[in-house]
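Below you'll find a set of structures to go through.
What follows is chain A paired twice: with chain B in the first complex and chain C in the second.
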Partner chain A sequence: MPRSRKSARRQRMEAAINYPIEWLEERSGLIGGVRYFLFRKVPSDTNWMQTLGSATLTAFIVQAVTGAILAMYYKPDPNSAYQSIQHITNDVWLGWLVRGMHRWGASVFIILMFFHMARVFLFGAYKYPRELNWIVGVLLLALGMLEGFTGYLLPWDQTAYWATVVGININGTAPFLGPFLAQFLRGGAEIGPDTLARFYSIHMLLIPGALIGLIGLHLYLVVRLGVTSPPWSKEAAGAERVEKPKRGRRGLLMPGARGGIPR
Partner chain B sequence: MASRALDERRAQFQRYKEDVKERGKPFYPYAMFHDTVMSLVVVSVIVGLAVIWKFTVPGDHTSTKPGLLGPLYTDKADPGTTNFVPRPDWYFYFLFYLLRIFKWPESVILGTVGIPTILLMIMLALPFLDLRRERRLLRRPVAIVAAILTVLSMGVLTYKGATAKEALASEVVQAVPTWAKREGFSGNPQAVAGAKLFAQSGCTACHTYLGTGSSNLGAPDLTAIGKGNQGAQFFSSYVSNPRQFGNKVMPVFGNLGSQQNIHNIGVFLSVSKGPK
Partner chain C sequence: MEPLNGDDRPHLPPPSLWPVGFAVGVACVLVGLIVDPLVVVPIGVAILLVFGFLWARDATKGYRAPVPDLEPETRRPGREAPPIPAHVGEAAMPEPEPGEIERFPRSKFLEFSTLGLGGVIGGIVTIPILGPMVANPFRHEKHGKLDLGPLSDFPSGQWMIATFMTDPAEGEVTRRTAYIRNNGESNGEPSFTIISNRCAHLGCPVQPNGPVFDNKKKVERTKGAGDVTLIPMLPAGGFGCPCHGGQYNPEGNRTAGPPVRALDRYDYSIVGGHLVLGKTYSVSKVDGTGAQAKIHRYGLANPGNHVDGPEAWLYPLQPPH
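Up next, the complex of A and B:
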């Protein structure tokens, strides 16, 4: 339909609706960025296994949101930490749900990271040119497990305390760096108020900051380099094209279609 | 040669980009639909776990009793108690169980630092160790074998870590008369008192003694620890401050109630020279 057919009133309304979008686009280019992200092409044979990455991101967002809510009630001090956890679990409205989601979301997050990594490994998706993104992923896994370790102390119950005592002692056995690392984690000679405050800070500021930065880089590289096709796919993107063999020679000299050619 | 391989890889990626441009589908709505469904499943599972966790705890769902998914919390941390179970969250079980395999002190560093560090290094280096372009699994035998071995060993270690039984203080104490008889210290009241304390204080969470207890974190069997004739004083000071002797894994047991208690433990360990 030619534009001139639209009524003047409708044109004015469309302009009014589009104005904020255009305003933002002109000043930031963000709309174009989002549009590029949403409408970029992915191989037509991507499958369900390739949702594990975004599922991991979802689990991370759950952790970030529930963690921020928990931080509103939690008190990182040995005298009140345990009571504040009981308060969250038993008194605060839906506090049990938020804490339970954070507690179990951690496990789900870790499982999904391993599954996602297994998928990438099985697809050979860590190969050129996606090496760097694999490395970023390994760092994310290591940091994610550190989140698990530092978060485990925060309820300040017996399980938490003694698991951390032993965990820190194990860190301390590392050659050269070990004793310094253990000293740094404890914030002193023994586990006490300084340790708890330190773990809290590492757990909710230091590592999450690093995680968010690395996740951003991870996603940037995914968008930039594209998603791989399943290696078994008949129409895998990037697979070498085989010239159609001439009729009479098929089966005699020509190898089976794509038989020996890497995908 | 190397540059030819690189050229081939570049050509392949160029082809990939062209193929996706020609035959690909837009991320929205196709792939995004799958992603959204999967994300909803993930959030539902997390909510479901939280609900089961809270509402299977017996009573009014506020006690320290375990429900289907374990307790909401155990008792408040008490650095003074010694009866503890050093157990991490489940995703560290494979590391935790690795430490049972290596014994203190010769090889425990392999379990605590060596193997995890080597694994991390291998994972980081993977894209540079495997430079072939081939992605189909059946044509990557080394990758398949490595993947199966990794999954199997992590699975077995996690399972073993999950099912590893911790010794209960009340059960261990009942073994004390047998210990005294077999090790021949029945006539030594200090040693018997020390043995009881040893049984009650959670020492058997990591150490074994005449087959009782579980071997954790590389802690040695103490059945014949006194064979070297170091004397009770040595063991008392070791238990009060293991770090002084270069042992950085064992927690400090300086708070066993009294000096007398620490001395009794020392006597008990010094007379433990193996079954007679």
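Up next, the complex of A and C:
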């Protein structure tokens, strides 16, 4: 029978392919872990909006990688920082592209965080038992914006310098501890030789470390608590399993979906 | 040792964590004898004394007073415990033999000592981490003498833009700007108005509202302030800030816009016929003009911080500069 011959061969092939995977799984359990992470059960009516978190994570990874490449050429010294940026833009092969990705990707990262936050808010996904994940997300948002603030100084041109002067002095107007916060950020009474390297270290080492740790916690909580159903979900409301609605009738503000009025 | 217990066999005192700290103190003293007998040895002695005291207090606890929060005795009086009914919970742990129970299990001791040692190490490492990061910006900075050149460079009644470096070794990043006017003699002493160009709103550089005579620019190389440039100007309209539109009159008083006080000023002195800049200070307002001006003077404050009025209560302390 051709069928059985094929299946015997197929079995051998599969065994050959599976061998390294099983080897790894037996020694590390990684395959199962990755499978557990990636192929979780989610509600059948999850929405495209619920990919915004992954999009934000992707934007962060792009920032991390392009930032690491920029750090290979950038010099955080007041007398050569501007020239090193010019060097990256004009001389390094595709340096203009990597710098542009980092510069525009920063805005993309922040904007995606806000979209993701809006989705979570509108879906009510911050409610019990996911309150902690909302709080972690707020910390991530704050750290992300601090990344923007510290990264803005690094080109060391007039815009960067004076924007940072103003930004630090806005911090300095906070009551009571503001002047101390400003001096801590500056590294002294005035923006001086230490400020640039200080911002560079905060931008590329301190905050990214904290971000990575908090992203890990954020994902852990997502995996542990699962994904929420959209607010119009009938499945979550007790129905057995919802038929896929007809095309064109599915959307965020679908009428009748929330109030239980039949479509 | 624990008389309340009513048990006939003697109990040893529970293992204590304080000997660990005591041992650290001994090690610190021994290291200190080699490294730095004046600093490290006293620290070690202090650790020894503190932990020795705590250890002694812990060891004598049973003798001094009945301690209310004793760990409850888990030993049962009877020989055999009643069996746990099958319908209660999952498989029960085998009932331990009466002599088997440890009052302070070894695993618990190891857990506490690991956590404690980790905490001590973390604490010791934290100080050098926080020092450079947090404390260093608040140290007093040494200011060299900012020599702006001979008095003959500053004609009487003439405004000058002076730029100079507060630390020439660090380069252009330390370049600052002051607006200087020689007010002539006052009581036989030369009088100057020296205004900082740092806007009292959020620190942008204020610009003179009037002509600047770049063609009469003069560069003076001085010892303390690098290349000093002097440019004559005529700020008839005072000073204005390009960032958010703050306006000041020629004495530095705020006339319009968001600034919360007048422009900061520099102290000055005349040393060997040269004009030498001193510290910067903040000003709420200036009455009068020139040599007769009455300056309402305050310690240097961050831009945007009120120095007088009720809002100044929000900024009771300024960091050392």
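Side notes on the structure shown:
Operating definition for what follows: the second predicted complex is superposed on the first by the 208 of 263 C-alpha atoms of A that agree within 3 Å, B and C clash if a C-alpha of one lies under 4 Å from a C-alpha of the other, contacts with A are read in each partner's own complex, and residues count from 1 in each chain.
In the analysis below, a contact is a pair of C-beta atoms (placed from the backbone, for glycine too) under 8 Å apart; a residue touches a chain by one contact, two chains touch by 3 or more.
Note that this is a predicted model, so its numbers are computed, not measured.
Annotation: superposed three-chain arrangement on chain A; chain B versus chain C shows a clash. Of the two partner chains, chain B is the only one that A:T58 touches; chain C does not reach it.
Residue contacts after overlaying the shared chain place A:I110 against chain B, while chain C stays out of touching range. When both complexes are overlaid on chain A, the residue A:W48 reaches chain B alone and has no touch with chain C. Contact with chain B, but none with chain C, is seen for A:Q158 once the two complexes are overlaid on the shared chain. In the superposition on chain A, A:P78 contacts both chain B and chain C. When the shared chain is aligned, chain C comes close enough to touch A:F184, but chain B does not.
Note on chain A: of its two partners chain C and chain B, the one contacting more of its residues is B.
Shared-chain residue A:P193: touches chain C; no touch with chain B.
When the two complexes are superposed on chain A, the residues of chain A that touch both chain B and chain C are 78, 162, 165-166, 169-170, 172-173, 175, 178-179, 182, 190-192.
Of all residues in chain C, only 134, 136-138, 141, 166-167, 170-174, 176, 202-205, 243, 300-305, 314-319, 321 touch chain A in the complex they form.
Note for the complex: chain A touches chain B at residues 37-44, 46, 48, 50-52, 54-55, 58-59, 62, 78, 82, 85-86, 89-90, 96-97, 99-101, 103-108, 110-112, 118, 121-131, 134-135, 138, 141-142, 145, 148-149, 152, 155-163, 165-167, 169-170, 172-175, 178-179, 182, 190-192, 226-228, 231-232, 235, 237-241, 262-263. Residue ranges of chain A in contact with chain C, taken from their complex: 78-79, 162, 165-166, 168-170, 172-173, 175-176, 178-180, 182-184, 186-193, 196. Put simply, chain B touches chain A in their complex at residues 9, 12-13, 15-17, 19-21, 23-28, 30-32, 34-35, 37-39, 41-43, 45-47, 49-51, 53-54, 61-62, 69, 72-79, 81, 84-92, 99, 108-109, 112-113, 120, 123-124, 126-128, 130-137, 139-140, 143, 147, 151, 217, 248-252.
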